[in-house]
Amino acid sequence: MFTFGDSWYLVLAAIIFAIGAVGLVVRRNPLVMFMCVELMLNAVNLTFVTFSTLLDDVGGQTAVFFVLVVAAAEVVVGLAIIVAIMRRREGANADDVSLMRG
Amino acid sequence: MELIWLIPALPVAGFLVLVLAGRRLGDPAAGWVASAAVAGAFVASVLVWVTLLGDADGTRQVSQTLWEWIPADSFQVSFGLLADELSILMCLFITGVGALIHVYAIAYMRGDPDFPRFFTYLNLFVASMLLLVLGDNLILTFLGWEGVGACSYLLISFWFTDPANASAGKKAFVTNRIGDFGYMLGTFLVFVTFGTVDYLQIDAAAPGIAGGTATAIALLFFLAATGKSAQLPLFVWLPDAMAGPTPVSALIHAATMVTSGVFLLTRLSPILEAAGWANDLIAWVGAVTALLAAGAAVAQNDIKKVLAYSTVSQLGFMFIAVGSQNYVGALFHMITHAFFKALLFLGAGAVIYSMAHEQDMRRYGQLRRYLPVTFGTMFVGWLAISGIPPFSGFWSKDEILAGSYTVKPAGQLLWIVGIIAAVLTAFYMTRMMIMTFAGGREEWRTEGPESLPEVPADVADATEHADSAHAGHDDHDAHHDHHLTPDHTPRESPVLMLAPLVVLAAFAAVAGVLNLPFAKSLHFLEHWVEPVIEGEGELPPGVVQWILALVSIAGAFTGVWFAWRVYQQRRVDRTRLEQPVLAHAWYIDDTYAEVVGGPGEAAFQAAADFDHEVVDGAVRGVGGGALGLGRAFRGLQTGFVRSYAFGIGLGAVALVVFAVLRMSL
Amino acid sequence: MIAAQSSASWLLPALILVPFVGAGLLALVPARRSDVFRPLALLVTASTGVLAVYLLTQFDSAEAGFQFAVSQPWIDDLGISLTLGVDGISLFLVVLTGVIFPIAILGATPHHDPKPYYAWLCVLMGASMGAFLALDLVLFFVFFELVLVPMYFLIGLWGYAERTAAATKFFLYTMFGSALMLVGLVATAVLHQRGVGGRLTFDLVEIASDPGISQNAARLIFVAFALAFAIKVPLVPLHTWLPDAHTQAPTAGSVILAAVMLKLGTYGLLRFGVYLFPEAAVWSRPVLLTLAVLGIVYGAVVATMQTDLKRLVAYSSVAHMGFIVLGVFSLTVVGIEGGILVMVNHGITTGALFLLVGMIYERRHTREISQLSGLQRSAPVLAAVMTLVVLASVGLPGLNSFPGELLALLGAFETSRAWGVVAVTGVILAALYLLWAYQRTFHGPATGENATVRDMRPAEFGVLAPLLVLIVVLGLFPGLMIDRMEPSVKALVAHVDEQVDGFSETRYEFVGPQARESEGTGGAGEGTGTGGQGTGGESGG
Amino acid sequence: MSAVTVLAATLQDVLVDAADGLSTPSIDWAGIAPNLILMLGGVLLLTVVSVLKRRLPVWFPAVWTISAAVAAACAVVPLWQRFTDSGPESLMAGAVGLDGFSLFATVEVCIAVVFAALLLSDYLRRESLDAPEWYVLVLLSASGAVTMASANDLIVLFVGLEILSVAVYVLTAMHRRRISSQEAGLKYFVLGAFSSAFLLYGIALTYGATGSTNLADIQGFLSREVVTQNALLLGGLVLMLVGFGFKVAAVPFHSWAPDVYQGAPTPITGYMAGAVKVGAFAALLRVFVVALGPSYRQEWQPVVAALAVLTLVVGAFGAISQTNVKRMLAYSSINHAGFILLGVLAASTQGTRAALFYLLAYTFMAAGSFAVVSVVARTGEHRQSLEDYRGLASLRPGLALTFAVLLLSQAGVPLTVGFLAKFYVVTAAVESGFDWVAVIAMLTAVVSAFMYLRIVATMYFGEAPEGVTAPRIPPATTLAIGLAVVGVIVLGVAPGPVSDLANDAVAQLVVAAP
């Protein structure tokens, strides 16, 4: 029966990564932008796991934990900064934040 | 024999003394110091001449090297003096005539606020002239050459407050520098050909020179000579040089500096020997110059301008001689010319001095009653220059004309041009004498120009314009400003001015004895100069020579007679003769002024603007471009987070595309 | 080619350090003691000048190699060392620097805050000395570029109206050239190490004696060097910074800029161009000769039409620099000696000219020629000195510029005739613009304020006196300089001769009167006379 | 009480069984001493301050930070001895590499921390934002940077990067009252996260291609296998380059830098320009030059060359059209990054040594320059435009002179460290055949020199507008500026000792250590 070859997982991860990247560029709401970053990081986790099974080496899976921890730390700090800015004006989005240019 | 260095050293010493103590010495004393220095140099020259006389004919060469001037590797130039027949001859008449003119100037320049400065420059001039003549190599001669050029610049623009004088000085210096262009190139070509610039070595190595090189060298040095001796293309500065005080005109622009061109070509005669057609060119340029200058002199109303064009013309004669390899004739005429031209200039100075510095001959008339001595001495000078035997001018000019007759391609034509010029010379000199000393009445008595003889308007103002623009009367400075008033009675100049006149008149009269044509034994000058001169232009056979002499005498008398009829008896209308084309010296100078002033200046200005707009503009453009590019980059920074993210994404895509490309190739 | 380690090895470092230490002292003196600055600066520069003259007396004029050489490793792993040395070529430039700085300080006083003014002048002196004495490529580059900073501040702070623009243009233009030179310099060392093996070194003598660099690479690097020096000289298309810098610089700045800093370019061309890359120098000779001649003629033509006196003198410097490059790239002993003579003498005459123009500016507060007239009437002594300096600058024989220009032109005439002939026209143009300028300012009626101009005070004359004496003495006795520089120049030309096969030294010398079938190989017109025997191939000329 | 002893005994047994059972990696605590000191310094500072809140003097956090940094630097010395004696070794089972390179980078980070602490103390008092958290974050980010510099494993490197970045995101946004600080923080955060995702993806692909995240293994793998058409490795390399490119502000990933440099509090900007660049470049060098260097450089050199040229050009030309001095220095920092990329491009020991020296030089120059900017900006940092510097020389001659020296050093004027740094980098580039890039670099140096000159000209040649009071220069900042200028001149005139250290540092790098 049809089993998904390893490369399929890699392609899936790449697609998810691309969605995350495009999402960050397109969307204006900082929270959604931040979720897109999480999406990209998880796509990388998928890639890690795939390679780990492929290479039959535990290193890949351990790396996933580090990524998760780092993602968590980013979430904490990121949300703090985003909330600090959004508290100034309701409904503000990323484009309003363009004081410095040129 | 070590006296040679004394000849130039004394004027230099005089110069230094005057530079340091000039102002304190004051009016007459500075003049006497200067005159003493030049007189001392004359005495030293005589002493050296006497010792040279003692030596045997071919061995009269004494050189004394003072120090190694430019000891550059293969180009060794020593600061050495060479006293041989040619140079000591020149020294004698330079210092002789120079001393006389110095004495004359003491009186002439009395009362001038810059009296000491005048004599400082005069002494420097004599020193440079002596170095020019005594130098034992081309570079030291060049030092003298440029020195006299600089001094003539300083002396012409001596009364500098008048812009015309200043520009006349500059014009003289720049025109001379054009000549010096030829001199430097000639010197380089000589060095490249012979490996040396020393005259003695050149003379020794000259026989083997190739024709082409010799011609090139001859032409280059002739260009230099035309600059310095005011020949056809570059003579324009001499008439304007009359802006300087009269003693300057006498010393520099008649006797000494202008002859340096002839001296140089004579010194390089061994090269000219092999120079082929260059000699003919020299002869013909001399002839044409003589003719044109004589023509121009006919229509000049400023007494000094007449003499200036006369000098250009007489120099033309000397170059005819040089061109026909008749160097003895050239030297002979140079000496006689020095005497009678200096005499005429100083006489003119005396006239100007006594006529409240009025230089326009049309305001003179009947001056023989007031200035007997001046008239007497100038009378002798007039006879000499017109070529009336037995005065010196006749013998030297006749020898030149005779020499020119036998020149190979078109000797006879050359002779004819010479004769015409001689006739014209007689005519304009007589015209000058009549208008000044004789003429109908005392013109300055009758007030205002309208009283002048019916001269057509355009000629009057043309010459008037020419005079004021170019010559710049002497009446410029504070103490000279008293204008000629009708009740002015001219008085004879002081004795200090008249004595030199008398001495010069004597010499002008008897100088012919130096080289009488009758018997070989009488050719003293020829024997004296013979060892230095290379090449011998042969004279026509005896009987032909007599015929030519008679024709030239007849020509002289017709010139005098015709001038008498026009100006004394007023039978012929003078204006038909004094055409504007002559008054403007065939418009040569005016065309130069037009070219230099018009398109010349415009081209220079275009270059200056080009430099500022284009070259500098390019640099400013680069700066502006950089700033523009910078502003473009600023545009990229929109301030939006998303556009930055897009930038990063784009960068990533670009790198991935690069990776894919790497994969495929 | 380093000469034997002669005794006074302290002399060269002292020449560089004394000014720098002086600058430090000046910086320490408190601002309120304003009377101390000028004497202290004078003491520092004068003592350096005395050291330079002492160097001149100790200099062994028979020795061709570098004397008083001293070497101290600086950045060892890159082979950069503090190597100093002086030979016939750089000797007189060092002495000129030593003499001109005290005179420039005496000649002009700054209008405001003298302390940094004199400090920057001392730094400038140290850097210039360093540049002339350095024998290590990087050390030369360090001083070559360090010179920019003090000059930038001198122009920027004590200059005239648009001084900022002029200072910035000056700094960036020269820095652009030296940026290329830096890469060229590094490439030289790297290629030398690759070609010859051994340790990476930037020592000039070591690289020059056995370069081991391929011909094309050497040519490319030479172009980079030549570009940097062409900007500094300046050669014509790259010269537009000079008039601006001169017009806006204070008097002392202009004097030093003309007398010393322009010579960095020409000295660089000679030392780091011809000596380091002889083959490339011979290869690029036509181009540089053309630029030199262009500079002589174009510089003079543009100078004629200038309305500002200082700008006119600046363009005259461009013309004089043309003579130097002409002499250097004639690649004959005579020509190079001429070039070096012009380098030194131009410094003296143009230095004096700028001091005089400064004095005129002090009296009339304008440099516009149109507003000046008849100054000779009101200031005769000033006019007399100006006449002497103008005649010297025009190249009157007997004064100092003449021997140099004559030899440079002769050298050019010998090997590259066409250029020589055109260059001689520069003689005419020089007379034209300088005398016309002199006439418009000093002659003519003394109108308006010109009549009340104060004449030159004895103090001012005292400042100029040494220069005037040098103008006359070096005009009549150039041998003093030529004898000392000859061995080094001969060694240089021999070095070029042996390094470059297609080139042989051209020398014309007097062989004697005996009529001999002329086998002269020199291309002297149609044929060489028996007398002169040109022993050189006409190459590239 | 007996319960406690029983509990302790069982605990004891468990530990003993565990000890001999599974093989935990041997921790060589001495090896990572500097990193530890920095991290513990941060943590302990936090606890001490929270415990003894009021009784501590206001200058305590600053002094603590400086002493921690100095202690870390001193800890490097014994390690240096060990490195010189027994050569490079990798600790913690290959996770951390102990070699001259990481030690040198550690010292550079410590210097940056000292400068940051000095500037922060005055800045916070002036802006009345006094809080110990700033110093804690500085110390923690420093330890992150050191981790990156000495990481011998890609994952450890990523973790170090994140520790550094997150701390600096917060520091950037911490100036509550300035909206631009928060804007900068947000921009830096979003884009930082975005680019570190790329970096991570790159690491994943490299892991996939080479089978290990350990740099030594990767290097071993590459030397064994002939990998030309390896898609995964090339992809991984490229994506990692995006991550590093962002961190180092190389064009086209630079657009965050001007805004963040301008928005962030000036001492933090100085710290970013110093420590963050050191950490990022150290990692870049270790990954590209060391791991992928010897056998695989033909692949990545063209890309890095392109990046270098773009960075140089945009950095220089962007700078000359600015009117805000802080933004000018931001663009000049990009230009300097371009120069350091030149060193990376050379991919040789000379290149790495040149990059290290340039980083050290730039740390001094950046810290000094931003110190002066923070002084002139006065409270609320609203005086940043070029006009505010007009006539500074007459108001504060000392400050103007030091700023002039720092600017001229950045322009590459001789006898300053800037010139030598540029000289080393150019030599390295020319040696490895990239002379055309070196030429472009020097030309952009001339363009950026125009910007430095504009500031110097405004300070010296302009007249100070009336009513402008001379800026007050607090003591600690004066010390910082003094240190920076002394560093710039001493290193410029006598680089001997330091450049020899740098030379030894790169002599052997931990590559195939077990």
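Here the chain labels run A, B, C and D in written order, and each chain numbers its own residues starting at 1.
Quick note on the criterion: a residue touches a chain if its C-beta (ideal position, glycine included) is under 8 Å from a C-beta of that chain, and two chains touch if they have at least 3 such contacts.
Model, not experiment: these values are computed from the prediction.
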| item | value |
| --- | --- |
| Geometric centre: closest chain by C-alpha means | C |
| Between A-B and C-D, the pair joined by more C-beta contacts | C-D |
| Separation of mean Cα positions, chain D and chain C [Å, integer] | 46 |
| Intercentroid distance (Cα basis), chain B paired with chain A, Å | 97 |
| Approximate Å spacing (C-alpha centroids) for the pair chain A, chain C | 66 |
| Centre-to-centre distance between chain D and chain B (centres being mean Cα positions), rounded to whole Å | 81 |
| Residues of chain B touching at least two other chains | 623, 634, 637, 639, 641, 645, 652 |
| Numbers and ranges of chain A residues touching at least 2 other chains | 21, 24, 33, 94, 97-102 |
| Contacts with two or more other chains, residues of chain C listed in rising order | 172 |
| Pairs of chains, among all present, that meet the touch criterion | A-B, A-D, B-C, B-D, C-D |
| Chain B residues touching chain A - in the complex, by the definition given at the top | 634-635, 637-642, 645-646, 649, 652 |
| Chain B to chain D touching residues, read off their complex | 623, 626-627, 629-631, 633-634, 636-637, 639, 641, 643-645, 647-648, 650-652, 654-656, 658-659, 662-663 |
| Touching residues (chain side chain A, partner chain B) in the complex | 21-22, 24-26, 28, 33, 94-95, 97-102 |
| Sites on chain B touched by chain C in the complex | 67-75, 79, 117, 139, 142-143, 145-147, 150, 153-154, 157, 160-163, 165-167, 169-170, 173-174, 177-178, 180-181, 184-185, 188-189, 191-196, 198, 201-202, 204-205, 207-210, 212-213, 216, 601, 603-605, 607-608, 611, 615-616, 619, 623 |
| Chain C to chain B touching residues, read off their complex | 169, 172-173, 236-237, 239-241, 298, 301-302, 304-306, 333-334, 337-338, 374, 376-377, 380, 387, 391, 396-398, 402-403, 406-407, 409-410, 413-414, 420-421, 424-425, 427-428, 431-432, 435-436, 439, 442-446, 476-479, 482-483, 486, 489-490, 507-513, 515-516, 518, 522, 524-534 |
